[in-house]
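Next come two complexes built around subunit A: one with subunit B, the other with subunit C.
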Partner chain A sequence: MSSSTTNQHILSPGSICGKLTAFLERQTKRDIEPDLDIFAAGLVSSLFALELVVHIESTFDVAIGGPDLRLDNFRTVDRMTELVLRLRGESDD
Partner chain B sequence: MKQRHVTVLGAGVMGTSIAALAVGHGLPVTLVDVDRAVLERARDEVTRHLRLARLMGVQTGTDVAELRTTVELADVADADVVVEAVTELADVKAKVLAEISALIGPEALVLTNTSAIPVDELAGAVAHPERTVGAHFMNPPYLIKTVEVIRGPRSSAAALAVARDFLASMGREVVVVGDGPGFVINRVLQRMINEAARIADEGLATPEEIDLLFTGCLGHRTGPLATADLIGLDNVVDSLRVLRDRTGDQGYEPSALLLAKVADGDFGRKTGRGFYEHRGTK
Partner chain C sequence: MTERWSEAAELVAIAVGDRAETWDRTGRIPLETLRELGTKGVLCAQIPQEYGGLGLSSLDNGELTAATGARCSSLRSVLTSQGMAAWTIMRLGSAAQRRTHLAALTGGSLAGVAFSEPQAGSDLSAMSTRISEDGSGLRIDGRKVWITVGAYADLLVVFGRFGDDAAAVLVPTDAPGVRIERVADPLGCRAAGHADVHLDGVRLPRDAVLGGAAMPLGLIATTALTYGRVSVAWGCVGILRSCLAEAARHASSRAQGGAMLSSHQLVRRHLAELTVAEQAATRLCEHVSRCWDARTSDLVMAAVLAKHFAATRAAEGASAAVQVLASAGSRDGHPVARAYRDAKLMELIEGSNEMSQLMLADHALAAWS
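What follows is the complex of A and B.
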């Protein structure tokens, strides 16, 4: 796993949110609001959850493990954006 | 009680996920396959399964037991429980079961994760048929708590008790049923998948529409064709043939669409395409 602190450019919350929304809309063929719980809404299955994690890791160059690896962090685009910002150390920007 | 040594035979979809279930519950597992390259990938698969289990909140313990892999059956002669999860072909399963049963102790439990082959037919191949019980795990076994357990006519009460205890130690709940082609689930499910594939082939409805009727009207978690993609269409065809050959019921004759997809290498989720596209699955 590559270090998440080197050789990366700054991403704004808006751009992370936009990338995640575009990915989920491609997968589900539905419009995704940033506060929609995609699991509760039945848009994706539990098996998709891991694909989502792997996609986020590779897209945003972060490693998700330990207590962060729980479904609640991936229910909405807003929460995924928060997680990515925190893991990239950009939450205070 | 001493810790059980678990051996899983076959490092395919079910073998790797059953291994993940066991090591995730602190039981050391030796995973056996004939193919070293398959075993190499299996380690990554088990890690992936454990991540998904943790993500879904079903893997809460931090103590993950050791996973060993080997191509030598002789390495697992000390197994207490053998879970057989090789290809759904009766002669392949019978050959593996005969070999392993000649190596392990007379007290070891043999659980066959057969999809449709009657347990008693497989028990005929082993040294101690009374120690053979069917355990039909769903995919993925760590997310689906219930296991269909099959008591063959020669399965002993003692073996069944060990099977119950072993599965309970991994947090599983069992429903014990009698023996026969496809048992309960696959006698119904494989027929349903086959008919759904025929309906799609006839153009009466798309796979999405068929599945939407089962999820939307009947409350199924996934429709028959999404379920087929999850099982693996190669396994569905193998199971249908087992059912057709043992029941004489032509309704189990694999549909042309299923056969075409398997011929094209489109096995479902595990290859990225089946009735649906599964982008980024691997």
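What follows is the complex of A and C.
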């Protein structure tokens, strides 16, 4: 799936957050605050949940393994940003 | 890459030979045939080589799936199920689970994926199978119906309720409390081993839960089903290729009323529409597979669209092929008779026509309203 993790360039939390917000706003056509629970707000269908996972993986060049596919990691833009930062850090070693 | 899929397709061609009709009429594919294809990695060919698979791209695996579907939709259904089980383990499983179970699935073990329940078919949110903590292990209770490959399977990927969310759990079919009941005389894909599965107090170790944690049901079901939709769509391309070849061969070899069938305009129209259907379905399948290989999020809707188009066109195309062959194709076991029954089932599984239409309409409304 992903042995091609070449995370040379550093992404700041701000730019990850910005890219995620832009994607979500484009897909849902509404403003997304970084702490909005997008699941509780009813913005995430089953299909969109998978689109989101695939989008995060390809945009930030990370592999989201099974144990990380928990709802808590995707509830808000802030949580997703934390997930991306953690996964990019882990793949450096 | 191309060589590897065509080598795999050759293995399928040899395994099927002239036996597809017999498999259909008896409702059985010999277990040793399935295990042999399994050990060669053909049944879940997208699994990377590091796990014992062939490491095919979605595009190459799609061509393999179409080539299989053109010969035998029952065997193609086994590819779909085994591939979906392997993909689910790949996607949801931990590193240790991938190593152990993908080695088994590329080593001759057979697997199916269990979603449907008596009261939860298209509406998976009504799923009632329960995965519960039981001391240091797990306990599974529920009933699954119409599980493809169920009658052949060594392992089932069972979806159920877990905690306040859901999970997929790996259930060996020889575990105490598992009872497999073959579906008698299915309408189509008769040798695909459809079975009902009874799970009564099945006890498993904690590490049978893929990824070890509760996950959103919609997300994990869509993850597995998206693979299944791509595979079914390519399988329907295979059905269309078989129907086109049968109809064109027959029309050019049989005279009726002093003229070849192929000279009759109404027969030629069937051949034209079969050609359009085969080509258009192929293009949609290529598109979704390219999205898959490039990991673009468009793949999720593209899979629904390709599956819906290919399944409905395969059902129409198979009906047209039976029309062209008439009495020559109107007996059980004939390629177009099988296609006619098999294609109808493709309009029901991995999201019925109606469920697919609802998803496509939601997508259109989200984009344009």
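We adopt the following convention: the second predicted complex is superposed on the first by the 82 of 93 C-alpha atoms of A that agree within 3 Å, B and C clash if a C-alpha of one lies under 4 Å from a C-alpha of the other, contacts with A are read in each partner's own complex, and residues count from 1 in each chain.
Here is the rule we use: contacts are C-beta pairs under 8 Å (C-beta built on N, C-alpha and C of every residue); 3 or more make two chains touch, one makes a residue touch a chain.
Predicted, not measured: the structure shown is a model, and the values here were computed from it.
K.L.:
Overlay done on subunit A, so just call it for subunit B and subunit C: clash or fit.
P.N.:
Superposition result for subunit B and subunit C: clash.
K.L.:
Contacts for A:45 in the overlay, against subunit B (first) and subunit C (second): which applies, first, second, both or neither?
P.N.:
Both subunit B and subunit C are touched by A:45.
K.L.:
Applying the document's definition of touch, where does A:37 land relative to subunit B and subunit C: first, second, both, or neither?
P.N.:
neither
K.L.:
For A:71, select first, second, both or neither according to whether it touches subunit B, subunit C, the two together, or no partner.
P.N.:
both
K.L.:
Applying the touch criterion given at the start, work out whether A:57 contacts subunit B, subunit C, both or neither, answering first, second, both or neither.
P.N.:
second
K.L.:
After lining up the shared chain so the two structures overlap, which partner does A:25 touch, if you call subunit B first and subunit C second: first, second, both or neither?
P.N.:
Touch partners of A:25: none, neither subunit B nor subunit C.
K.L.:
Looking only at contacts as defined up top, I'd like to know whether subunit B or subunit C touches more of subunit A.
P.N.:
Greater contact footprint in residues on subunit A: C.
K.L.:
Of the listed stretches 45-53, 153-161 or 279-287, mark the one in subunit C with C-alpha atoms clashing against subunit B.
P.N.:
153-161
K.L.:
Determine where on subunit A the residues touched by subunit B overlap those touched by subunit C, and list them.
P.N.:
After superposing on chain A, subunit A residues 27, 45-47, 49-51, 53-55, 69-71 contact both subunit B and subunit C.
K.L.:
For the complex, which residues does subunit A have touching subunit B?
P.N.:
Where subunit A meets subunit B, its residues are 27, 45-47, 49-51, 53-55, 69-71, 74.
K.L.:
Give every residue of subunit C touching subunit A within the complex, in rising order.
P.N.:
Going by the criterion above, the answer is residues 48, 90-95, 97, 165, 210-223, 226, 294-301, 304, 359, 362-363, 366.
K.L.:
Help me check something: in the complex, which residues belonging to subunit B touch subunit A?
P.N.:
Listed in rising order, the residues of subunit B that touch subunit A are 48, 51-52, 54-57, 140, 143, 222, 230, 269, 279-281.
K.L.:
Can you check the complex and tell me which residues of subunit A touch subunit C?
P.N.:
1, 27, 29, 39, 45-55, 57-58, 65-71
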